[in-house]
């Protein structure tokens, strides 16, 4: 006589029912079971940003991260290549590397019993190995070393990981959207980015998707940021000063009109990617940085340099959880920690070969807009937190995304639309349903429901197989 | 409250009293008076890296001039500042400031002050700990802040909103 | 081969089995699933105190609160009337008002995208509304504005809310018990209360029902409060002073004998309401407040004034979660936050037209008995916390409520009994079972178990309909 | 269409599948449902250390503790005997004693309504008892007083408790392993231990079993403790000093070679017990304590004294959750609080009749090795916490325990093996499966799944019966 | 420990030392000695509203005279005070008191002191922050407390038991 | 930083400055310089019992001589100290030290200092509160620590790793 407690697991129809053409159910934001399934399906079936190769330039360098609740270890091997493994000793499970980044020297040595792994993850040595003689050591998965992540791709130094074997391949998943990364990299006279500086880390007590949607929400700045950007512009006017203030230069565009946003356009791509600022951008009117143009023209020729610098895309969302600002050289990662908890890490890149001043502006932008001390950030976080609690209200359970909705709009088109459209939000939810359900069985008594499976961050089915294919 | 009203030399006591008084203005929400403590080109800086040396070529959480501090204060007072509905409050508990330099020639008076800082809003409360460094100068006969620098002990940890001033 | 995880949801028999005539199962206090069902059923089917109209005297004034996990917004409209809506923007769910109380001016403006709502909750304006042309805006529930709470009642300025459409109507639910509120209001020479002063807020790590039961638990003061009231009386005697000490006046009655409590009586009403102090009360012997009697006699005539002031009821429990002290003019709300977490807010009222000194006594009582700094409070909270952890013991799983139990006692009678009886606790649990189960289906595969329902604070079934009826 | 949420409850096959001959599934360490079942089954079916009789030497003395989530009250009655009861008032569930230890005088008086219980737990008096006349008071379980724990055993002053009626009896469960306790007690010239001093309490964010396994993990000290013991030895050498430093004497053996550990042996006993250090021990070479030998020889005769002191066992694990160090006179309790939270309490014993200096060494050892300020502790805890997070990695879900595995090894043998074997870990998991499953029904719709059962720390089935048998 | 044993004038140092010493008595659980620091009509006040002006016509958390403080102390020591089984402990960390007034004529010596206060019982621990205001007076030749006022920075937040004295 | 470089008598100011400076060395991770502040037979002690009188016959959390402090420091700096990957940081906020004794004859200078201490590692942070007692002596013409004793207000509560020095 008791009711079952899972409502969404192994229930693709229930997942699909959460997304309607013009609105989405609050459970996508507030339900912990949906969140858990996002970790197991969405974040395993899609290509997730894991780090930047410039963080690990030398052999033995490593970076650690978590994707879909999984601890990962990214390292540069003696062969000069990047490898991605699970950050978990093959013996008893000790996290091998404890720091965000570092250099392991010639090997990763597990601190518990001293098993050693090469910097590609393969097993190097086991102390007192004779203790395993005759025990079937070579039949056990540990003999292969750290469990590898097979599907990863280093694209112009951006490292993306797909945990599951299924799902689309890298090019099919990102398609034309890679043009934003290309443009950001091309802005270096040498065609190379260097990740530099600690990220700004900002904790949000809200669902990660609110942040992602906000990246292309062009109807909020003039309202929500009146308190920050609006006040800044007003106080600046009161000073009567004629010079340019670097912070005002960055803040003032947040007070742009609806008309400006309508006209600057949004481009959507298949699989949930998209960007604002097609024909114009809030980043269009920044001051020249002395010496930069010369370097660019020298490196690329004037025509190409002009084309590169003329592409002033505003925010590019790479579904599911990063946002890239090409003209500013920042990358924000929206790390999902719980249905109501998201850590935002905002990273800065130096354009190799460009003047210092450009990187100084990147840093200025980052602290002015993305820091936990940012007044713009305060405005936004207040909204997210109010939504997270407001959605508990039963009076109306759906969140609206219908601005400029067209019932004929195609789900996976590449198209440019009015910049105040919520089309990109709809685009994201279309992809969300696909990657949530694509490997979800509808049979409650089979699949990943065997003992030892399911509740932990990813399904056990196939887990044993994964590391086998080194 | 601050030093040498009569134009005499600055004493260590003046400098220490200044640091205490500065924090108190923040506790009492007298932000405009607080802003007056900054020199014309004064700066308020919170580094984002340990032992940071450069505020602009390395990531900072905050590096504001008087103008931007004024913007922040006006925003805190603003009618449409929803992140201040309800508003935040704070309290500073300072260890006695250590006077690091009393350099009349360079017009530089410096202190180092470990602190405990609590910021609260609604039923939420967060605390922060670190060291404040004040670089003071005489300007118009009064001590003013050339640079106030806040090094948080856990500066690399994630933070939620920090809306007031440490 | 797995067992289902819900034990009580959609299982009214299991709920009923928790309450026996003479004892209740510990799960009513410590089980999180039962707590969740209380939010969804008990707190939605009954009339819950939400605030006092004197907190919002002028048009545009608002107060916010939470009932059954639901954020509510109570406002006074330009028509002078009180309205109750869910505190949740019709667009994307932003909590509209962030403060406990305030004045919204002519409209509630959502801080995220600037949608505006009249102070009765209806939609006033949407920025750039043309973006919704042709999208079917008028078919969506948001066009109606904030989702309203239909069932609310302002009774002598006390605002009560019932979230569900089902359940008893206001008069049927409270019946004669309203006489305590009447008496408290009548104690104002002008027949009007003014809520004044911040509430004292006291966090309890225990179940909310322990607090409610304690309000009529007359066998604990002489034991549990020996440490506070007992010590106070003892130390006072040692001083040898002859004057009256205002705090002693309030504390001394806590040391009353069993006999006193036996005789002062308990009255129970249907639906779980009841009060202690029928024929006598610990509030009987307070000092006269100069000038008060004259005002009362002037306002009501002597006979009626005497009747009003002669009704010295001790604690009146309005089921499920408030307690009113008429002669003291306090109202305590026991806000359930989790099975083991309850926030007690103790509010004070000024009697319009009465001397200041009366309100000073109200405040003195509140801080002496109800504050987190109160020694009486320390005694009680220690007991609750010890029960909350003690109930984990498997040796005996039932909590006893059988003092002066009579197997012939009628469940919903209005009757006066011996003041040391636990009859009122039994009365509460009788009502508890009724309002927990009245809208609970017994079929596990139907009802509110569709995707998107159930785990969040209230059932989705019918939720869409509710706001429709503005 | 929803999947059930329990995966292990009432599913003994799923539990069994977690343990393979050479590896165990990560869920034994990280799954909260498994943890909950450990509380209900493993910690109820086995004999758990609850305290030491020397903590309650006089009538009225009591100690409190928690076992399997159950609050217990251990007291010495006027008859001089130890009694164990649930620490929960028979009336409404108030925890009777709030302190870790104390003296209750002639009775336990419940602080809420003053019910009084004798120091054996039986009901002494109820205030205003007439209020229960005619209510059937004598039919209710509370008339019997505090709910007793029937199965407990005081063995040489060590108090062990078994909450369930089923399961092995005390001698069958511990068998020969009691020899370690015997040896520790015999090391007192008077054959008596006195627990003295506050325990060192060290919070671990890891599963309790990692700590237990670590007690016989002889392949980690030379690696994991290189930073503490290794550094200590190195710095000591640099000083060039010739004297003995008491801390170095304790730390240096942690740097022993694999060979040393291989040779010193491990002895396993049935039911999960076992010890390291059969033929040698890291405790072998401590300095003599002046006067101690004389006392021992005087008390036991030289031969027996020599035999006692010659038994220098290293770590003895009493399954499931304590470790005893005989030659050091410490006892560590690994208190499971959650799948990822364990409180370690390290207690010290004084040997009655032995010189003070011996107890000083016991205390020195305890703070040097077992304190939250211990550098050895820091090394170990870092490993446990890294495993707890590392195990989330899906790449490989099993923890290896196959060192010196022999496919012919018998599950419940008493045997001495190579000291670097992981045989004792396998021994523990063999017992773990037995005591997890022995009272687990495989039928999901019967047994303890009735309303009011299951989710709380122990099954309701039979709970009512237990206290009946005083 | 307190001022002017010899009957001389009260100095700022006396006043500051008094404030430190007062907190220490609480830390050391010397409650009876602490009570002796209060003047005959001394009061201990914790407002429940921000910038509160009236202790009795506005809600206070606490506003006790010597008698009630004595009751509290006796209760803390009592054999049947179960909320003190086990008992609580506390520690104060004070910023240096700022002397606000040294008014000999009015017999009023006032200080303002930001503080960090921790109260612990069993394995639980809670911390509180705010500002203490002392209004001292000479009584019988010794400094005594006319009013000790504690303004908590988050005074409108819910609190669990606060059993000792801040 | 410490006392009487010129061999003159030790003043209360010297002693107070010593206590502040000692904590600062820890905050700045200058552990070797910190160790130099200890006398040859100096000890660092954290009792595990309330009002503890004996460091070795009663349980202590820590009771270390210079050698073991050196071991600890070397360990903190060690390449294979994984519990310091990443490393910990700390900050002390001290109330002004109270000078308890200035006994030249006994070569004993004692202070009592309530403190707030925060230790952080990675994104974790823990705070501790209690009272530090310093027993200083002149050795080789400089003030040195004979005994630094830390009494934690919640010394009987469970703690996670405490890896640095309070």
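Going in written order, the chains are labelled A, B, C, D, E and F, and every chain counts its residues from 1.
As a convention for this text, a residue touches a chain if its C-beta (ideal position, glycine included) is under 8 Å from a C-beta of that chain, and two chains touch if they have at least 3 such contacts.
Predicted model, so just to flag it, every value in this text is computed and none were measured.
**Student:** Go through the assembly and pull out the chains touching subunit A as well as subunit B.
**Tutor:** C, F
**Student:** Which neighbours do subunit A and subunit C have in common?
**Tutor:** B, D
**Student:** Over half of interface residue numbers shared between subunit C and subunit D means same, under half means different, so which is it?
**Tutor:** Different-residue interface.
**Student:** Using only Cα atoms to place each chain's centre, name the chain farthest from subunit D.
**Tutor:** B
**Student:** Among all chains, whose Cα centre is located farthest from the one for subunit C?
**Tutor:** F
**Student:** At what distance in angstrom does the C-alpha mean of subunit C lie from that of subunit B?
**Tutor:** 45
**Student:** Distance from the CA centroid of subunit B to that of subunit F, rounded to the nearest Å?
**Tutor:** The answer is 29 Å.
**Student:** Subunit A to subunit E: how many Å between their CA centres?
**Tutor:** Taking the average C-alpha coordinate of subunit A and of subunit E, the gap between them is 52 Å.
**Student:** Which residue numbers or ranges of subunit E touch two or more of the other chains?
**Tutor:** Subunit E, residues with two or more chain partners: 80, 82, 93-96, 116, 122, 127, 157-158.
**Student:** If you look at subunit C, which of its residues touch at least two other chains?
**Tutor:** 2, 4-5, 7, 11, 13-14, 98, 111, 224, 382-383, 386, 449
**Student:** When you check every pair of chains, which ones turn out to touch?
**Tutor:** Applying the touch rule to all chain pairs gives A-B, A-C, A-D, A-F, B-C, B-E, B-F, C-D, C-E, D-E, D-F, E-F.
**Student:** Show which residues of subunit C lie in contact with subunit D when the two form their complex.
**Tutor:** Those residues of subunit C that touch subunit D are 1-5, 7-8, 11, 13-15, 17-18, 22-23, 25-27, 30-31, 33, 217, 219-220, 222-224, 258, 382-383, 386-387, 389-400, 402-406, 418, 420-421, 449.
**Student:** Write out the stretch or stretches of subunit E touching subunit C in their complex.
**Tutor:** 46, 48-49, 56-63, 67-68, 70-72, 74-75, 78, 80-83, 156-163
**Student:** Using the touch definition up top, name the residues of subunit C that touch subunit A in the complex.
**Tutor:** Within the complex, subunit C touches subunit A at residues 2, 4-7, 9-11, 13-14, 69-71, 85-96, 98, 111-114, 127-128, 131-132, 134-137, 140-142, 146-149, 163, 442, 444-445, 449-460, 463-464, 466-467.
**Student:** In the complex formed with subunit C, which residues of subunit B make contact?
**Tutor:** That would be residues 80, 82, 85-86, 122 of subunit B.
**Student:** Enumerate the contact residues on subunit B facing subunit F in the complex.
**Tutor:** 50, 93-96, 98, 112, 114-116, 127, 129-131, 153-154, 157-158
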